[in-house]
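Going by the order they are written in, the chains are A, B and C; count residues from 1 in each one.
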Amino acid sequence: MNETIVMPKLGMTMTEGTITEWYKEVGDPVEKGEPILTISSEKLNQDIEAPISGVLLKKHGEVEDELEVGAVIGVIGAEGKTASTETKKVEQPHAEKSKTSERVSVATVARPVKQASTKTRIFITPLARRMAEKENLDIAHIKGTGGNNRITKRDIERVLVNGVDVEVEATAERTTQAVSVDLSAVGEGLSPMRKAIARNMRGSLAQTAQLTLHRKVNADPLIDFQKVLRKEIESGELDVKLTLTVLIARATVLALQELKKMNSLYHDGQLTEFDEVHLGIATSLEDGLLVPVIKDAHQKTIGSLAKEMKDITEKARSGAADGNLLSGSTFTITNLGASGIEYFTPILNAPETGILGIGALQDELALAEDGAVKSVKKIPLSITFDHQIVDGATAAEFLTMLVGYIESPYRLVL
Amino acid sequence: MDRKEALWIYQKMNEIRFFEDEVHRTFGKGLIPGFVHLYAGEEAVATGVMALLDDEDYITSTHRGHGHAIAKGCDINGMMAEIMGKKDGLGGGKGGSMHVADIGKGMLGANGIVGGGFGLAAGAALTVKTLGRDNVAVCFFGDGASNEGVFHEGLNLASILNLPVIFVCENNQFGEGTPFRYASASETVAERASAYNMPGVRVDGMDVEAVYDATKEAIARAKSGKGPTLIECDTYRQYGHFEGDEQKYKTDQDPNKDRDPIPEFREKAIANGWMTAEEADAIETAAEKTIVEATAFAEASPLPDESALYTDIFA
Amino acid sequence: MTERKLTFMSAITEAMVQSMRKDETVILIGTDVAGGAEVDHLVHDDGRYDDAFGGVFGLSKGMVTEFGRERVIDTPIAEHGYFGAAVGAAATGLRPIAELMFNDFVGFALDPILNQGAKMRYMFGGKAKIPLTVRTVHGAGAGAAAQHSQTLYGMFGAIPGVKVVVPSNPYDAKGLMLAAIEEDNVVVFSEDKMLYGMKGDVPEEYYTIEIGKANVVREGTELTIVAIGKMVQVAQEVANRLAKGDISVEVIDLRTIAPWDQETVLNSVEKTGRLIVIDESNPHNNTATDIASVVADKAFDYLDGPIKTVCAPNTPVPFAANLEKAYIPDADKVLKVAEELIADLRKVSTI
């Protein structure tokens, strides 16, 4: 039988060795114990002796070749034999694994390009953060009373019972968390609500790149649809008012679900797109503005959207809105139609990416298909978007989608 | 020594030698993790002592412990598997060459710590004494360990408590790569026994009979309650300190360099009529077969289950 | 249960004596555990031995008289040697209690514990058991300075294969000592010398306390304090003082520092959300930092504030009384550290 000569392991740390000299040539007879070559490792030199007597049949390396420990250097066989492929690697029997070791594949997570982080850090304990997430509370509304002004469990519990801290101020402050400019002096000397609004607006303009697009949409089909639907809803004893705003809100929800880039928040250096739509409804008060939120607007029928819009705006106006109601929106609608305004440039409810402004219904003359002049109702729409996150084409696409729904309103219930 | 003991000794000497030569080859093939320290050349010490012990007697061993383990009756298949880090090893593959042990056979373990056995052997002897048993504990250690502080502590403690311990020094001339004559202020280890008020004898460690006779006397002394004995066996390490050692420190003048205890004992045993040449040949053949089978057993044994990492920490 | 007061040290003595009466393989070995070996006049009239010391703190006083010098064994001052013997004896059938007079001498005793006793079972594939109890003494406060006052149980606790118990009162001392002796493993039983005179109820009968289980000594809802050994008293004082401000503190006596009771500590932190660990060890790589790291990992979402540790400073133990007092954690230091954690509890009424 042939015997292989392998690169020996000369010490615990040796992993490879170099052939320094061959004393024998292929075909030379060798005696058991006779040195046939010498090898060196980093630190040591050693002669390799023939394990059996016979003939050197094959060399698997020349002088200065570097071989791994265990690699075959040569083959010795009884004279006349050939070097067969008896160079099988010595294999370790496998251990019975107690557990299948699974390689966890880590999906590459797309991250938004982080602009120079300018966020103001809110300190909150791990427990409080978890509770806030569960209760859907915006921590910017909550005053931290723990060490280092951390928000603690106590603070969350207090807010859940009493509503947000410092009432309106904190509510309106919700978007100031990511503001880079020093807003501490903004709104000084104003009422608490105005002060909060001042900070909110200045903060929004300071941290986003706002641009507004305008477009009119033919409202006649929507008005017809509204009349049909009103009968249905009002006969169903629902105490709701089916306004055009409600229908446009429904159109907005559907468009947002198709174009999720517009239904996104960018704060703390992170862009998050949402599947769910929580729709903020800007609501004017005697001396100010609040944005109550219709949670999970995408799951609501037109009827329940109408009812909820009525409820939340009434609550906001009566001062009954708590922090929960006033936070968590992903997109906002504001309507100045009642004041006869046509187009305007709404300011983003940061950190949202878009806000839709609805203007007053306009009577316009238009050419009918037969060339006759006719009167049509049109609604001016204004979309303000954060040019950091989306471009004009995307915002325009969003408006086009809205127009599609408004001009073919039966799609709103499909 | 009688014929039966001589046959046993010759068998164990051969098993040790074939075992160590095999481990040398296997290590060279890269099948053994870590360090190995080979006992070849010192067989007369382990077998000369162990011929007089039974399973109820204790030994503590050293990092060069394969010979002690084989002579103490440890399962050779289990030893080879242990050295290769396999599941069927004596320690389930969790100890390796330096920690081969079998407490059931009175083998308290090879030991990775030089000098680790002095206290352990004294403690085993304390058990024997406290429980009134008729046994001894043997502490094998090298000339290197004789310069550890705990050598002094162990011998002193065993002596003042009259513990039935036999301290057997295997003086193979080198502590790692440093000659004993350099590292020791005393010329012999044996002469240090006088400091601890116990007999100290130096014997030819290449001569099984000399080791055997000295041990026999020491056992008698220990069992009669007179306390420990120090036996220094003058021997030689055929391989290096560890595998991969170039052995640059060895010279042609080293004591015992050209001696081999196995042929020496073969000749003597035949001359004394303890065994015939045919019996000797048969023992050699059988011993080689035992080792070949052990290697096959070890190679076929699986690696330990991964769960074994976490077991056997606490009883 | 008999109502009976014993000191901490007498409770330990009683445990050793009861275990030696119960099990003849139990021996006590160490330097001067009796003292006066082979001194002719140290013999009672009835021929039984007397001791010179009975341990330097007198914990084993009288034991040589009852059990003889074969089972109460004085050793030379040679910790490496006799700890090796204790491990060897444990591996072969005895159940030794080996005394390391001060834990500061660990350097001389370490190899038999670290490399032999702690590892034999593992290296030998489960075929060995080492029923060894290492009794040792830690703690500052006695003016014994840098080499006799350290708190080193954490060093032992870092060794796989070694269990470490640190009793805080006489009742626990007896029950934990009896449990340690019953264990088939190396158990380091670390006694705070400043507790030796502490008195408490100790039943006369034989009883054990489970090793590896912490003791909730005071229930509370707002702050968890985990304390070790004599620091349990500090924790109790802190709890009393905070109770006056209506702050509810849960105090956990760790009892065993290796393996420490994660379940009890984590359950408490999940309830309170706040954690302080008091450990007289030097402040790094100790039991407190280990607890902090495990809690930060396993109870992160329950934390309502940072985890605080209160330890000795990173200095040797000083000699001068005022410096030594400044070295040892006390209630004032803990309260100062607690302030950040409980700020919201104090402010709540003002919001």
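Simple rule for what comes next: a contact is a pair of C-beta atoms (placed from the backbone, for glycine too) under 8 Å apart; a residue touches a chain by one contact, two chains touch by 3 or more.
Values in this document were obtained by computation on a predicted structure and should not be read as measured data.
S.K.: Using the definition of touching given at the top, classify the network of chains in this structure as line, ring, star, complete or other.
M.R.: It is complete, because no pair of chains fails to touch.
S.K.: If you average the C-alpha positions per chain, which one ends up nearest the average over all of them?
M.R.: C
S.K.: Would you mind checking which pair of chains has the most C-beta pairs in contact?
M.R.: Looking at every pair of chains, the most contacts join B-C.
S.K.: Please indicate which chain is farthest from subunit C, where distance is taken between mean Cα coordinates of the chains.
M.R.: Ranked by distance of C-alpha centres from subunit C, the top chain is A.
S.K.: Nearest whole angstrom, what separates the Cα centre of subunit A from the Cα centre of subunit C?
M.R.: That pair's centroid distance is 51 Å.
S.K.: Taking each chain's centre as the mean position of its Cα atoms, how many Å separate subunit A from subunit B?
M.R.: Distance between chain centres, rounded to whole Å: 67 Å.
S.K.: What's the distance between the Cα centroids of subunit B and subunit C, rounded to whole Å?
M.R.: Computed from C-alpha means, the inter-chain centre distance equals 40 Å.
S.K.: List the residues on subunit A that touch subunit C in their complex, please.
M.R.: Residue positions touching the partner: 125-128, 130, 143-148, 150, 152-155, 158, 165.
S.K.: Show me the residue ranges of subunit C that touch subunit B in the complex, using the header's touch definition.
M.R.: 25, 27, 70-71, 73, 75-76, 78, 80-94, 96, 111-112, 115-116, 119-131, 160-161, 163, 183-185
S.K.: If we count contacts the way the header does, which residues on subunit C are in touch with subunit A in the complex?
M.R.: Listed in rising order, the residues of subunit C that touch subunit A are 273, 300-306, 339-341, 343-345, 347-348, 351.
S.K.: Quick one: which bits of subunit A touch subunit B in the complex? Just the residue numbers, please.
M.R.: Residue list for subunit A touching subunit B: 6, 8-12, 14, 44-46, 51, 69-70, 90, 92-99.
S.K.: Quick check: in the complex, which residue numbers of subunit B touch subunit A?
M.R.: 25, 27-31, 34-35, 87, 242-246, 299-307
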